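Please find the structures below.
Okay, so subunit A shows up in both of these, paired with subunit B first and subunit C after.
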Partner chain A sequence: MKIAVNHLARIEGHANLVIDSARGQVRELRLEIVEAPRFFEPMLKGCHYSEVAPIAARICGICSNSHTLVSLEASERALGIEVSEQTRQLRRLLAFGEILQSHLVQLYFMALPDYYGVASILPLVHSERALVHHALELKRLANDILRVIGGRPVHPVTPVVGGFTRLPDAAELMDLRRRLVLVLPDLEATVEIFAGLDYPDFEREVTALSLLGDGDYPVFGDTLVTSGGRGAAVADFRDLVEEYQVPWSTAKFARMDGRDYMVGPLARLRNNHDRLSAMARQVAEALDVGPATANPYRILPARLVEVVHGVERSIHLIDDLLLAGLQEEELPAPDRFGAAVAVIEAPRGLLFHAYDYGDDGRIRAADCIIPTAQNLASIEADLRLRVPQVLDLGREDLTRQCEQLIRAYDPCISCSTHLLRVDFD
Partner chain B sequence: MKPRVGFFDFASCEGCQLTVLNLENELLDLVELMDIIEFREISSETGGELDIAFVEGSICRPEDVRRLRAIRRRSRLLIALGACADTAGINALVSDRPEAELVREVYGDDPELMPAAGHPRPLSAFVQVDGRVPGCPIDGQEFLAILQALLIGRQPELPGFAVCAECKLAELPCTFERGIVCLGPITRAGCSAHCVAEGDRCRGCRGMVDEPRSGPYYRILEEHGLDLDAIREQLRTFNLAGEVKK
Partner chain C sequence: MTDLLIVGVGNLLMGDDGAGLRVIERLRGEILPEGVRLEDAGLCGLGLLDIWRGHRKVWLIDAVNVAGGCPGEVRWLPAQAVPRVERFDAHGGLEAVLTLAAELGELPEELELLAIVPEQVAPGQRLSAACARAVEAAVGMVLERLA
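Now for the complex of A and B:
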């Protein structure tokens, strides 16, 4: 039996799935990444530090805020700029806004149709009115967080090297806070929906790699941790992870200790379960995801746990900001031009940017490692194990289960193709 | 019968399609007004003739050209969605370097591992384009206005004046007064000078207005101690494709 799904739907970007099997054996299995390369690293070469983040944001529409935030942090470290606590808190809130937005789009628009046997959420507008209502209410609020803090949901305007071009009004923050509380019933209903889904039974042990939260569930940080308990500094990321090429992909794959590994919501949750907010921990229990979860289909509930965490933490962050009072700040100037790396936990996992600046304040070399590139090998390994188990289901169900598995990782192909490595000179 | 509409993408970040999905207040009405036949990012449905195809992204490879032509053949109207499709946008930033050099730099020398890659081009380099929604990303409200025009059978119109005019109407302080180059005087309006309102400058993502008045612009630059190189550098980000053509 040969299965070829070209331009897989309900994922970000273009990938094909190719399976060739005979007599119960998988002869060939490939996730072909067919997105056109966009050469972002060459684009960044020669860029002035004030232009770098706006260009880096364009790598990906769905995680443009994460690219912006990690780009700014890498630049600031390279330029010796220290940002204020207020800036750090606003950036964290912006990061939560994007995690909510990206996760909600994936859960409701990309993943859920598989479990309802429909091609998209659109037919559910009539048959599942309440469900669509919850989806749009939550998504609208996530986007409004991005608007209030970053200026717009896709490709933020206000975050710049050293801080923000404009601060939110206290009244806008208070309104967001009020609505974050008002959506809790929608969130509860969402948890019920995802608690009721029939996730396929499948397990594969894989190492999880994430940031280690510093007292809190991680967004930014300096320390990496594996599910095996091994720690590493973010500065050593390049030594920990090895990128490699395969002929069927315009995106590079990545491995750690010669093996595939997982990043993203489930990896973060496995490594930082005890740092989840109180409400998120309860939801994790209700949805049956925790440090020992080895079923990749259950990345969906892990993603939802992070939504709950994001809502709760956003309320607290806004309280802290309002209590301290927002202060207008001068943007600090660079005091040197060097090289630095930064990592953020983007919606899909570890996102790494490294820059080397020349004395003219322009990029000499840029290097980025994308979450999806790190997950591709794990997705393929899952499929290799899963396909023989479900070969007797027949073509249609087999294909659906494979697609569900790929979608659970929420691969972002635009990202993974658009940033590939340039060697440091 | 409701008009049949499809959304497609090529080399891009898919942020313009996402901006359509971010119209939470209007999404339910849109679903009533049109049949969304294809939208790969959120739907596994495909097929058939279309009244309107919205296409995001630039065209880089022969297989992209083939797929674009196939979409064109089955669509009554084809609309470029966003800067990458309209002008090649930010993708064109690499257009001043040879393709082979870029591939080698990123993917190495092994011919088996080298993907086909070409310089990104706008849709109009290969097919007839019946309308365009400019911007990086598009402005959601402008998309709705253009869609409305298309649905009632009118040719959508884009503003023929510059962002600078919208900026003055909004009574925003001039970016040049901060000693920063702003592309507002030569960039097509329609975004309500969003980036200037947010405290940034205009980076020209919507492309140049028809026949920009360069004389007065150079004078503004001189008055603020800026030169041609400063503006050329600014134009690179979103308008390099136009520069190269000249």
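Now for the complex of A and C:
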């Protein structure tokens, strides 16, 4: 049996799935990334440090805040700039806003149709009207967090090297806080829906790689950690992560110790379960996801746990900001021009930006490693194990199971097709 | 004319795909009638629903492959000219967003599209010569309608 799913649905970007099997054995399985590669890293070459983040922000519409924030941190590390606690808190809030927005779109609009047995969200607009409107309300709140803090719902403009060019009003923050508190009961209903879904029964042991939270569930950080307990400094990430190419993909794959690994919500949750907010930990229990979860279909509930954590932490962050009182701050100037790497836990997982600055304050070399590129090998390995288990389901159900599995990772193909890179010496 | 939202969409890093955003950039330098608001929505996808919420009248400016169009051509199209899709797919194609908005009853009452036919959608921040001229033409067409 040969199955070719051209243009997988409900993922960001274009990818094909090819499965060739005979007598219960999979002869060939490929996740083909066919999008033309994009050449973002060379575009950063020659850019002044003030121009880098606004360009990084345009790489992707779904995770433009993560690209901006990690870009700023990489630049600041390279330029010897320390930012204030207020800036760190505002950036954290922005990161949570994006995690909420991205996760909510994936959960409701991309994943849920699979479990309702429909081809897309469109039929649900009529059959599950309240649910869809509730999803849009939640998404609107996430958008407003991004707008209030970042100045725009996408491609933020207020965060710059050293801090922010505009601070939110206290009244705007209070309004966000009020609305965040109000959505908590609605989220309970969402948790009930996802607790009742019939996740396929499938497990595969895979190493989870994430940041190690510094007393909190991680967004930014200096230490990477694996589910096996191995740690590494972010600055040494190249000792851990190796990118490689496969002939059927314009996106690079990545491996660790020669093997596939997983990044993203489930990887973060497995490695930082004890750092979740109190409510998120309860939700994790209700949704049956924890440090030992090995079912990739359960990335969905892990994502929802992070939504609950994000709402709760956002409320606390706003409280802290309001209590301290927002202060206008001067933007610090660079005290050196060097090379540095930074990482953020973007909605889909670890996003690395590494820059090397020349003495003129312009980029000499840049490198970005995107979460989806790191998950591609894990997705393929899952499929290799899963497909023989469900071969007798027949073409249609088998295809659906595979698509569902791929979608659980929420791959962003457009983001991952950064083929060309300017190498560091 | 009051309460008009003009929204540019596209990717600034993909050549002519950023044409709509360049028009917004250029319009920021013009004196516009009161009540006209400009928005660079970039790759906002579903976020359009939030951006145009509360606005009765919206003009979208985007790079669009218009059938039979020549690169650099600029054309006003009614929102109905944008094909509806069978499924809501990916995070952001304009067709998918308009389809979902229509299903939800969240399309602005008056929605028009100023379509700029791209010549080259490929990585890079520069517009093709045809599209650079088209941006000027589009700015003129917007100003003419606002006059």
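Here is the rule we use: the second predicted complex is superposed on the first by the 422 of 425 C-alpha atoms of A that agree within 3 Å, B and C clash if a C-alpha of one lies under 4 Å from a C-alpha of the other, contacts with A are read in each partner's own complex, and residues count from 1 in each chain.
Methods note: contacts are C-beta pairs under 8 Å (C-beta built on N, C-alpha and C of every residue); 3 or more make two chains touch, one makes a residue touch a chain.
The structure displayed is predicted, hence computed values, not measured ones.
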{"item": "Clash-or-fit label for the pair subunit B, subunit C on subunit A", "value": "clash"}
{"item": "Contacts of A:E306 with subunit B and subunit C, given as first, second, both or neither", "value": "neither"}
{"item": "Contacts of A:E51 with subunit B and subunit C, given as first, second, both or neither", "value": "first"}
{"item": "Partner chain in contact with A:E32 - subunit B first, subunit C second, else both or neither", "value": "neither"}
{"item": "Touching partner for A:T158 - first (subunit B), second (subunit C), both, neither", "value": "first"}
{"item": "Subunit B versus subunit C, judged by how many residues of subunit A each one touches", "value": "B"}
{"item": "Partner chain in contact with A:G13 - subunit B first, subunit C second, else both or neither", "value": "both"}
{"item": "First, second, both or neither for A:R166, with subunit B first and subunit C second", "value": "first"}
{"item": "Identified clashing stretch of subunit B versus subunit C [19-27, 109-117 or 217-225]", "value": "19-27"}
{"item": "Overlap of subunit C and subunit B interfaces on subunit A (superposed complexes)", "value": "9-13, 36, 38-39, 43, 55, 58-62, 64, 105, 109-110, 119-122, 125, 132, 136, 139-140, 143, 152-155"}
{"item": "Residues of subunit A that touch subunit B when the two form their complex", "value": "7, 9-13, 34-39, 41-43, 48, 51, 54-55, 58-62, 64, 105, 109-110, 113, 119-122, 125, 132, 136, 139-140, 143, 151-155, 157-158, 160, 164-166, 245-247, 250, 403, 414, 418, 420-422"}
{"item": "Touching residues (chain side subunit A, partner subunit C) in the complex", "value": "9-13, 36, 38-40, 43, 55, 58-62, 64, 105, 109-110, 119-122, 125-126, 132-133, 136, 139-140, 143-144, 152-155"}
{"item": "Subunit A contact footprint on subunit B (complex, rising order)", "value": "10-19, 21-22, 24-25, 27-28, 31, 36, 39-46, 58, 60-61, 63-64, 89-91, 93-94, 97, 102-103, 105-108, 110, 112-113, 115, 117, 120, 136-137, 194-195, 198-200, 203, 233, 237"}
{"item": "Contacting residues of subunit C [partner subunit A, same complex]", "value": "11-14, 40-47, 49-51, 53, 86-92, 99-100, 103-104, 122-125"}
